[in-house]
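Dropping the structures in below, format is structure tokens.
Two complexes follow with chain A in common, the first pairing it with chain B and the second with chain C.
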Partner chain A sequence: MERNQDVVVKVEDLHVNFYNNDRCNKVLRGVSFELKKGKIMCIVGESGCGKSVTANSIMGLLPDLSRIEKGSITFHYQGEDIRIDRLKRKGKEMRKLRGEGMAMIFQDPMTALNPVFTVGYQINEALLYHNGASSRKDATKKSIQLLKEMGIPLPKQRVKEYPHQFSGGMSQRAMIAMAMSCRPKVLIADEPTTALDVTIQAQIFELMLDLKETNDTAILLITHDMGVVAELADDVAVMYMGNIVESGDARAVLTRPSHPYTKALLDSIPVLGRGREQKLEPIKGSTPDPYNRPAGCQFAPRCAYATPECETGMPPESMVEEGHMCRCFHHLRKKEGEAND
Partner chain B sequence: MTNYVIRKILSLIPMMLVLSFLIYLGIELMPGDAVDFLIPPDALSTMSETQLNEMRESLGLNDPFMVRYVKWLGGVLHGDFGYSLQSGVPVATLMKNHLPATIELTVTALIFSSIFGILFGVISALKKGSILDQMLSVVGMIGVAIPQFLLGLICINAFALHLNLLPVGGRMASMDQNFFERLPYLIMPALVLGFSLTSGVMRYARGSMLDSMGKDYMKTARAKGIPEWRLNLLHGLRAALTPVVVLIGFRLPMLIGGAVVIEEVFQWPGIGALFVDSVRAQNTPLVMMIGFFSVLLVLISSIIVDIVTAALDPRIKLS
Partner chain C sequence: MTDDKNVLIRVRGLKTWYPVKKGVFKHTVGYVKAVDDVDLDVYRGEILGVVGESGCGKTTLGKSILQLIRPYAGNVFYDFPEGEKDLMTMKKKDLDEARRRMQIVFQDPYSSLNPSFTIFGSMQEPLIRFGMKNKEERKKKIAELLQAVNLPEDYMERYPNEFSGGQRQRIGIARALSVSPEFIVCDEAVSALDVSIQAQVLQLLMKLKEEYKLTYMFITHDLSVVEYISDRIIVMYLGHIVEIADTQELFANTLHPYTEALISAIPVADINQRRKRIPLQGDVPSPVNPPSGCPFHPRCPKCQDVCKTKKPEPVTLMKNGRPHTVCCHLVKTEERKEKKE
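After this line comes the complex of A and B, so read on.
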């Protein structure tokens, strides 16, 4: 199989459905992307667009009443290509990958740590389960080292403390220490700074950049902060209602957005320094009911450029430029027009 | 911690004083007195007012309320708990004879209900929505709803009279039987009492466990790749245990007065029947003593609950 050596996780045409009360929510409708070694990939999009579901699919942490209907997730690990979509979510192989091959940190670090165990115990657990440490003593030593690496002062004392004695930023550092304990190939961060204040955010992101450099970890960062994307991302994928509508090199997507949704997103962000006279363009309407989706392009009802063609079906992927993809009929028409000129 | 316990125990003293006064006052406010109860109606017709008065005088019932209370309190502080007005037996002897029986019964029921309540509650939570969960819920509802005496009678009918497996009632056949020979007597009353207590713990444990299973830290733990059993039993149950332990802790006072009905149904020679009788007879010394112990147990339980919750949950500090 031909494969780029740097690709760690390859997601292809992923379809995920959630089931409840006899209804079916097609949460992901064909998501494809690649995570590369030592690169940060950002997924941006509104709430409910499928960002977290994508992350959870990779981790095998989807809820019980959900199913991967179509597509594949391939994880390149220890010289093998592992099809994560085929593994049992709670099975032994998947458990081995979780924590060892890939790790995840979450939105609110204050609730993500178990309040009744010490921080050290919780990091040790990851180490001991994946043979990262030979004994409890050894694990504690490594935990202290990890906390130190994550920039936690007095790690020897901190390791014995309980999560409620940690501040939000400290907790997130401890979470990252836990995630990085077995040196995973992939780190998935699901809005890791939403619950933290701005200065702490910057510190956490700095830490993540550091990890990327030193460990060559592939990082999947879920966010809805475009500033974070501009700052950190190597690649970016913009999601809307279960599809990646535009993706590619972060700089290219941010400076030359091709999809009307990406453009609209960027237009709706206030820019510091432009003063109070700046005009913000909100996106008209609201996201459609996931149980009652538009027939064609999901963004069509809110799109300024929509034509009857947009209601016929989801537009195919088209190349804007090398490594920059977009799914939009409007963009296709423009390209054809340019070609005809 | 030691400081906290010492302070708490010291604070028991004024509380006990106030509460003992209130119980004494309560008995005083009931109409009539012990003499009215002790004299049978046909004997009453032949007795003169002076004779009755002499009886009252000899029992010390003619003293003013405060004087009697202080006398009683002084006796208790000297280790003299007085005599039962009904039988003339020292209160201390009565307590010594009846208390072990009640404690034997209630402790067994409490242990039984705590273990099975938590066990079934956790199973119910783990299998939420399954047939097993629903069955346990129904059995739990029955446990809460069915009157203890009815269940007791049904069990006596089935297991003692028809199947002849267990004795109908009582605590032992003779004094020199050892614990294991007495065990058959204990089984039925303890299980009937335990059954109705189990369902409460079960519903509580189920709710608490479900709550804990939905927490973010469970997802963190799952993302670490640890096995499901460890995830549920260690991370889930450990955090879910605190409220359940509080519930069980506050049931400790039941050790003394919680088995009145069961003791009656199974002719268990515990403190329940004694208590009911003595209240009816306004047998002040005995009522005071049983009441005193009950109140003390309530207060001590709350200290125990405090200590145990602090031990279980690192966020709680005793100070």
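After this line comes the complex of A and C, so read on.
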């Protein structure tokens, strides 16, 4: 099989189930996408749609009572294809990959850092574990360098401080420093700026764009903010209840949305600069209970174009144009109609 | 709209300082100046947006106006039918009576409803307080209110845990409406909600405003929401108001460098509209030790010598017959130049 050299992570038809209290939540129901070198891929969606679970399954950080039922995650690393879904989550190989091959930034920087160790110690840990540094002294030197790269003032002093002495923006920078310490191929950012102010958010995004350029890192950015997608993404995947309903080049998806959910999502957010004339079209209803899902297309109960066909099953993937995928019966019908004309 | 008749609330020199206590005897060693010397007018029937980063005193300002936090100094004149009265010097009994005119919708819909009360239980409290002693009457009133916020009336027998965030927020709004107030403070009323639900609640608020002739003070950190909903916008920074203007005027003709940076930092959900960012350095300074002079000068890209020592006075310019107030030395000097010419 021919493989695109730029693809670093390939996720194919991923199904993940969570089990609790004799109930089973089918969190991911067939997710496929690719992460490419030096590109930012954004996953957008409402809360509970499976964005974070996708990220966690790539990192092998799923909770104990969960299972990858079907599908594969392939990580191309050091000339080998590693099947992450087959590795033991707490095994030696996975531990080696985490931090060295791929790294993750979490949502809330204030709770992601350990409060009883200095920030420097926590960055050193990754460096020492992955043989990025020969001694503790050497590691500290590198940590200072990293903090400096991330734009933290007075890094020599800051490296000895504890997380509570850092502000939210600075903690997030420290987290990024930690993630980037072993120059990973893949950086997964799970809502990295949700807890931060917009001015700090802008600073963090500048930093991430910079990292993408200088290190050629593949970045998977998870967000619920369409604004972030428009500003940063090269590729975008829109998720709804465990499925990617539309994906492709960011410009194509945002300017020519094909799935009713993407359209509705874009119509429901106020856009800066359009003032009070803009008309907001809220999506009616709310997301269904994950334990009691609709039988067919997950969006059908809230969709304006729903037909009886939509209740029969999840629509297949169809291409809108080159590199722009959409899963919708309505779109399929429209396409067939055009072909018949 | 500028004549005094339409002013609902006049705030003059409002200061809300929280004491910082230290030592065995709890000496007051300093103050956190959460709101410092704020003058503002709220006009009848308008939606006044308040924006700023976290910790800038938005919420404290809202709560201080309602006297939910007792301010340290200043006056809040409220326009009662029998004449203007200062809420600060009112007796507790009178103030309680005045509360039927002003209500608040809280930020977090999960903690603002008592989990051990049914919706009826939570919503009847304000009605009992304001003299609706007959239970049947209360039931009827609550059913009406629930209908007004697009919820079925039989929801009143349920408990808060049965509802989603958007539904809870609507119950919170219904509760605020129950005593037929004139003035509602919406403290980040849509921030905790998913984007698709956010639009529903925003439209509901607009609809209710028309129906009940309400005045809103809409506190948020999201500039796109505020641009969509408000007539006038207040921009706050570190307890001070830095700019007040009509919404269109503020976005078209931004005067304060902070507002400019804030607007430029927002990711815009329109891929064809990428603008140049003005990155701000550093974080918001601590309000215990505010910087000398202009509070914004350490982060200001246009900082001059005078900004470091002298606190700028608010300047009101008339643009197309509408006031545009700004608190910045640079604006003053520009104006002076114009005068000389």
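Some notes on this structure:
Definition applied: the second predicted complex is superposed on the first by the 339 of 341 C-alpha atoms of A that agree within 3 Å, B and C clash if a C-alpha of one lies under 4 Å from a C-alpha of the other, contacts with A are read in each partner's own complex, and residues count from 1 in each chain.
Everything that follows uses one rule, which is that contacts are C-beta pairs under 8 Å (C-beta built on N, C-alpha and C of every residue); 3 or more make two chains touch, one makes a residue touch a chain.
For clarity, every value in this text was computed on a predicted model and none was experimentally measured.
With both complexes brought onto chain A, simultaneous placement of chain B and chain C is permitted, the two fitting side by side without a clash. For the three-chain arrangement built by superposition, the Cα-centre angle with chain A at its corner and chain B and chain C at its ends equals 70°, in steps of 10. When the two structures are aligned on the shared chain, A:Leu280 is found in touch with chain C, with no touch to chain B.
Residue contacts after overlaying the shared chain place A:Lys96 against chain B, while chain C stays out of touching range.
Of the two partners chain B and chain C, it is C that touches the larger number of chain A residues.
With both structures placed on the common chain, the touch criterion links A:Ile200 to chain C but leaves chain B unconnected. In the superposed model, A:Thr111 makes contact with chain B only, not with chain C. Residue contacts after overlaying the shared chain place A:Leu61 against chain B, while chain C stays out of touching range.
Of the two partner chains, neither chain B nor chain C is touched by A:Gly337. The superposed three-chain arrangement places the nearest Cα atoms of chain B and chain C 8 Å from each other. Of the residues of chain A, not a single one touches chain B in one of the two structures and chain C in the other. On chain A, the positions that touch chain B within their shared complex are 59, 61, 90, 94-100, 103-104, 106, 108, 111-118, 122, 125-126, 129-130, 162, 164, 175, 178-179. Residues 53-54, 164, 166-167, 194-200, 202-203, 221, 223-225, 227-229, 247-248, 251, 261-274, 277, 279-280, 282-284 of chain C touch chain A in their complex. Per the touch definition, chain B reaches chain A in the complex via residues 215-217, 219-228, 235, 238-239, 312-315. On the side of chain A, the complex with chain C involves touching residues 46-47, 153, 167-170, 197-203, 205-206, 224-232, 250-251, 254-255, 264-266, 268-276, 278, 280-284, 286-287.
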